[in-house]
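One structure, pasted below without further comment.
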Amino acid sequence: MSVLLSLLVFLPWLGALALALAPRLGVSASRRLALAFSLSTLGLGLLACARFDPAAGGYQLVERHAWISALQVSYHLGLDGMSLLLVLLTGLVSPACLLASWRIERDVRLFGLLFLLLQGSALGVFLALDFFHWFIFWEISLVPAFFLIKLWGGPGAPRAAYQFFVYTLGGSAFMLLGFAAIHAATGTMDFVALAGLGGSGALARQLGEPAATLVFLGVLLGLAVKAPLFPFHTWLPATYAEAPTGASMFLTGVMSKMGVYGFLRILWPLFPGHVQAHALPLLWLALGGVVLGAFAALRQTDLKRLVAYSSVNHVSYCLLALFAFAAAVPGRAYDSAQHAAAFGGALLQMFNHGLSAAALFAGVGILEARAGGRRGLGDFGGVRTAAPVFAGLCGVAMFSSLGLPGLNGFVGEFLIFRGVFGLAPWAAAVACLGLFATALFLLTFWQRVFHGPVAGAAAGFRDVSAVEIATLAPLAALMIVLGVWPQLLLGLINPLLLEWFRQFAFAS
Amino acid sequence: MSPLHLCLLLSTGLFCIGLAGALSRSNAILVLLGIELMLNAANLNFIAFWRYGPAPSAGAGVVFVIFTIAVAAAEAAVGLALVIALHRHRRNLRLPEATRLKG
Amino acid sequence: MILLLALLILVPAAAAMLRRNLVHSALLLVLSWAGLAAFYLWSGAEFVAFAQVLVYVGAVSMVVLFAVLLTRQNPDRAAPPDAAARLRAGAAVLTAAAVGAVIGHAILATPLPAAAGAPPVLTVRQLGLELMGRHAGSLLVIGALLTVALLGAVVLAAAEPGEKPGGKP
Amino acid sequence: MTLSVQHLWLIPALPLAAAAVGAVLPRSGRVPAASAAIAAMGAAFVLSCLALNGALADPARHAVHNFAWFDLGHGAVMLGWLLDPLTAFMCVMVTFVGLLIFVFSLGYMRDDPHFARFFCFLSLFAAAMLGLLVANSLLLLFICWELVGLASYLLIGFWFHRPAAAAAAKKAFLTTRLGDLGFLLGLLWLYDSAGSLLFYDAGRGVLESGVLAGLTAQTVAGGLALSTAIGLLLFCGAVGKSGQFPLHVWLPDAMEGPTPVSALIHAATMVAAGVFLVARLYPLMAADQALAAVPVHALTVVALIGAVTALLGAVIAVAQDDIKRVLAFSTVSQLGYMMLALGVGAWTAAIFHLLTHAFFKALLFLGAGSVIHAAHHEQDIRRLGGLRTRLPATYRTFVIGMMALAGVPFLFSGFWSKEAILHAAHGWTVSPLPLWAGLAAVALTAFYMTRLVAETFFGSPRSPAAAHAEESPAVMRIPLVLLAGCAILLGFLGTPAWPWLQARLAGAPLHGSLEHLFEGGGLMLLSIALVGAGIGLGWRFYGRRPRASAAAADPLAAASPTLMAALAARLGCDEFYAATVGRLHALAAAVADGLDRWVLGAAVSGVGLLGQFGGVVSRENDEGALNGGFDAAGAGLRGAGRSYARAQTGRVHGYLRALAVAFVVLGLVLLAGGVP
């Protein structure tokens, strides 16, 4: 049995331990050590990618050991296309976050330690297949995130951190209750076993009504807060805005994917009937996120808040695709091409948004650092004149976020729209509004900050340093590569799509 | 009165002595020792049930006692270290006065 | 026999709790612990008895004595028992008596098997297999706990850097 | 020698490679960047000619090469290349005009510090445009469509340090994107109903009869045929890109870019992409023509939009004073012509006009660029004048371009292509409006072009810049001369007597005879008369008595000040949009933002409901009132915690005692309740 997945999860934690045990480690050495451990995820992720057989389907590289026999809990890790995608994303974004935090001088060791903890727990969430430790990872991730925000954030950070913590913890509490009920009814918390029960409808029968609906809503709430699904996103703008750049990048790039992942890994397989029954209101909520998120971004003057709202908008596209698929189920024959497009698009969008949003936050972080903490829309002007390379890298991220063909954002959004249009045409039409508003606010941002005569904090603006290039350039390069050659990722998830299709199509 | 009853009563007595000591004395060391006595009473119970209990098992009682002794030893070590630290900070060991950790 | 043992255990314990001199208390407790070891021996749990002797009679008592000596108070600061202390002692005895009454009542009200069979045989070999087999995980945890406790005790008791021994922080 | 369709990708790939080279070169790499761009464009031109050669061998054939872009498990998303005469002619035009404009830019942009970047962007544009032309998939076309939009954005905003340029770039991108949303929806709908986006795919393509029959058979909301609905949505994209009313507002502003950019992108090629799109999709757009019972045909809408745009552009152009803006509105108007032609069914005429227009409009813009370059970036025609003698070569070529645009009979290409359109509009039975609008635009075009030439080149210089203008270098003059030659010669490819171009485009046999030359002679006479009237009036107002100084009033404005002011303000379209669409967006943003903060308050605390009412308006107020609720909840928790903390006395004995007492109580309760 391979220990690759355990290594993936625990190597960052080991790094955190190493940092914890080396109190006299210097600033520079701490940074390098944290980065090295953070990069391990990318390396191991690629190794897993090489060992992964996309054609085989199911979970691979599974590790399973009996753990707490009284509760029938086992230590169960496994990898499928979706997990692999997110592991790779984590491996890409995390080192970038650390590089973006290179300029932090205060308590570097603690920062790296907390960050590696966060990274490891996110990986645990993506790889765990038993609710017991899945939930442990899920909750542990809050703790380092809380401290990262509180200790290195902006002036409003303590409040934002509390809000983030309380809100997400509150959401998860309902999820925990839900799973307690599930465990009481079925005696297992293993995702694979539960998915089997859920697919046949046995889970809902064993829980009985109204308990099943309550459990469904509880789990939904926990995931909706994390993702976030409109209107549970209100913790997000303040948190993303106040968090230090590296944490913002990780929050939007990886942690928001934890919610979407939960929808796909837990909510849908376990409660296919309930998702379908509630799909229409959920679809409206996702649409609300798409449209209102974009319009709210239009009104922000704080660059970080602006990017945060764009994040709400983009994550909502993923959820839109899922719910459109669910909403279309009753009374409509399946068209597998639309289904595949919607899900494939959602998965790609998760990855793409991770890259582009992280890059945008990194860009804003650089702006903020150069301007001595100012990051208002009006504080800059003509940055492109002063820093052409920086502007070019940010431009790639911005156009990717805007969905320009040729960059990665387009592929995901096109597939989502393709799927959603076939399943719920009106939803696609309404979502187009969000598409336009996204272009509007991003171009406004671009025009005000990068174009025009050099003004405000752009005077004396240095172009990117080597570390900053190392942060942004790999992300930008990937955006272009994936925009031209999406098969690179789709090859990993295609069999998964087929498998899901079989599961969900016959679940109802 | 079976032997088990007697043993249990004995352990109750030991426990109560420990409790009374821990409650009444103000010296931190004596409080710790009282607690040690209470732990010992618990151990006594384990052995008694292992010996006379309705379902004597292979060795669970003994193993438990061994574990408890280990934990008690750890507790004593840490507790006495705390006592020393307390003494270093306050120049005495009167617990009623050591209320710095109140909420 | 058991009554004899009870005497051996309870009397020194009670005396230890009553003595004002800490050194006396510690020595009395050693006696009580030795009585406990005798009880274990009598019950057939030889291994536990030896552990008791080693850990309590040998180690813990020494640690206690060291602690007592290290923290010996100035005679002038050893205040005589005041009213508050007496009140506390009274309350403590009352509480302990209540607890004892409750437990005792529970014990006496519970029907327990009267017959005492042959003492179960538990060789050290069996015990070792038991420890390393079914309880291996717990054993590991205990080991870790002991290590951590050791480290913690050292950290706590070690003089803090920059602090003059005996100086107020 | 021909270029097979499998290798068609080379045509866009060469400029793309040049763009990549330009992107990695440092700022000082002027020579390599420019030479890479020009060499790539030249090679692409040669390849395009080879492709044309191949396409003309069998004009009725649509040679395709399809391949999978990516695979979703359930069928792949396909892209492909397409080679037919339409593609080939367009490629030749784009590469040839592009090549000349690249060469011209060598001179025009000589002093710009970002010379290398300019050629990088131009090459990127050329690559995207050529990709758009060779696409055999609506998806690939859409991708390249957006990429030309990006290149246009980058090039309009090339001098991004000027706020006007930055704003114009944004406006252009957003306005075209508004149209592109329609395009996207149409594309999705088409994909959903047809299951494919390939144009030609051995009977399964969306432009082939089998699929089209399916599309016309369904009706959607309002009784429209499905193909009509899709066609109209796709047409939205063309409206945005080709600057058709009501989305024409971005095109005049796009003149903030460097003049070669205006010539290449905003006159000759990119803006014609909308026309190309409709021509490419003509089988789809025309599929509903056979249906009688539908409320509207897609092509009718196209024709009417085109007619309105043709007239509107020409009217507004009369009152513009910026040399490039006159030409920009003239472009709007001419694109309207092409749309009109498409709408009335003469798509070959539309492409004919597209090709001739590309050459003479590029000529005019480059001529304007030459003037601007010579006159030290003075673009206001009121401050120019008298350049006839100072810039003789520019003057001569510019007049040829003007004659072609105005449709001076027989010799100039614009005449023949415009006649073909008017002829088709005359034969259209649905409405006479396109014909009238077209004829009115003919007269207006002749009028404003005469005005432009008279103001710029005749009279005496009205500013120091104009007085000291010097003829541009040869590298700028030679493209002008070549384009002027084309502006004349190209017309003879499509005269009624020998409609070679139209026949090749349509894949039909060529029936040429001199008798057809004056077919529909009455209409031709009328239009010649209108051209004469326009030129005559223009000369009467502006040529005979040139204005004396820059401040002198415009003769027409003196006659009708209100009308001219309204025209000069472009009939207030921009203001109208600012007041409606802009406001709407601001309102939606305010609502979304307010809602967000409102939800925050309501969800977390439910406190401060009163404060929110006013809070939607004021941000600070909002923050205080609503987040205050959250804080209050937090404070409540903290208070509860503090009262609980009071029990935490820190006295160890207390804890122990509490424990013991609790134990006793618990035991008593259990005993009283009866222990099982």
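We call the chains A, B, C and D, going by the order they appear; numbering starts again at 1 in every chain.
By definition in this document, contacts are C-beta pairs under 8 Å (C-beta built on N, C-alpha and C of every residue); 3 or more make two chains touch, one makes a residue touch a chain.
Predicted model, so just to flag it, every value in this text is computed and none were measured.
Enquirer: Mind having a look at which chain is the central one, using mean CA positions?
Expert: Measuring from the global C-alpha mean, the nearest chain centre belongs to A.
Enquirer: Contact counts by the stated rule: is the higher one at A-D or B-D?
Expert: Between B-D and A-D, contacts are more numerous in A-D.
Enquirer: What's the distance between the Cα centroids of chain A and chain C, rounded to whole Å?
Expert: For chain A versus chain C, the centre distance works out to 54 Å.
Enquirer: Quick one: chain A and chain D, Cα centre-to-centre, how many Å?
Expert: Their C-alpha centroids are separated by 35 Å.
Enquirer: Where the CA atoms of chain B average out and where those of chain D average out, how many Å apart are those spots?
Expert: 86
Enquirer: Using Cα averages as centroids, what's the distance between chain C and chain D in whole Å?
Expert: From the centre of chain C to the centre of chain D is 89 Å.
Enquirer: Which positions in chain B touch two or more other chains at once?
Expert: 19, 22-23, 26, 96
Enquirer: What are the residues of chain C that contact at least two other chains?
Expert: 88, 91-92, 95-96, 99, 103
Enquirer: For chain D, write out the residues touching at least two other chains, lowest number first.
Expert: Within chain D, residues 653, 657, 660 contact more than one other chain.
Enquirer: If two chains touch, include that pair; go through all of them.
Expert: A-D, B-C, B-D, C-D
Enquirer: Note which residues of chain B are touching chain C in the complex, please.
Expert: 2-10, 12-27, 29-30, 32-34, 36-37, 40, 43-44, 47-48, 50-54, 56, 58-59, 61-63, 65-67, 69-78, 80-85, 87-89, 91-93, 96
Enquirer: Contact residues on chain A for chain D in the complex?
Expert: Residues of chain A touching chain D: 159, 162-163, 166-167, 231-234, 237, 291-296, 298-300, 336-341, 344, 382, 384-385, 399, 404-406, 410-411, 414-415, 417-418, 421-422, 425, 428-429, 432, 435-437, 439-440, 443-444, 446-447, 450-454, 485-487, 490-491, 494-495, 497-498, 501.
Enquirer: Could you pull out which chain D residues touch chain A in their complex?
Expert: For chain D paired with chain A, touching residues are 69-75, 139, 142-144, 146-147, 150, 157, 160-163, 165-167, 169-170, 173-174, 177-178, 181, 184-185, 188-189, 191-192, 195, 585-586, 588-593, 595-597, 599-600, 603-604, 627, 630-631, 634.
Enquirer: Looking at the complex, which residues from chain C come into contact with chain B?
Expert: 2-3, 5-6, 9-10, 13-14, 16-17, 22, 25-26, 29, 32-33, 36, 39-40, 43-45, 47-48, 51-52, 55-56, 59-60, 63-64, 66-68, 70-71, 73, 77, 84-85, 88-89, 91-93, 95-97, 99-100, 103-104, 107-108, 112-117, 119-120, 122, 126-127, 130-131, 135, 138, 142, 145-146, 149-150, 152-154, 156-157, 159, 163, 166, 168-169
Enquirer: Over in the complex, which chain C residues touch chain D? Could you list them?
Expert: Answer in residue numbers: 88, 91-92, 95-96, 98-99, 102-103, 105-106, 109-110.
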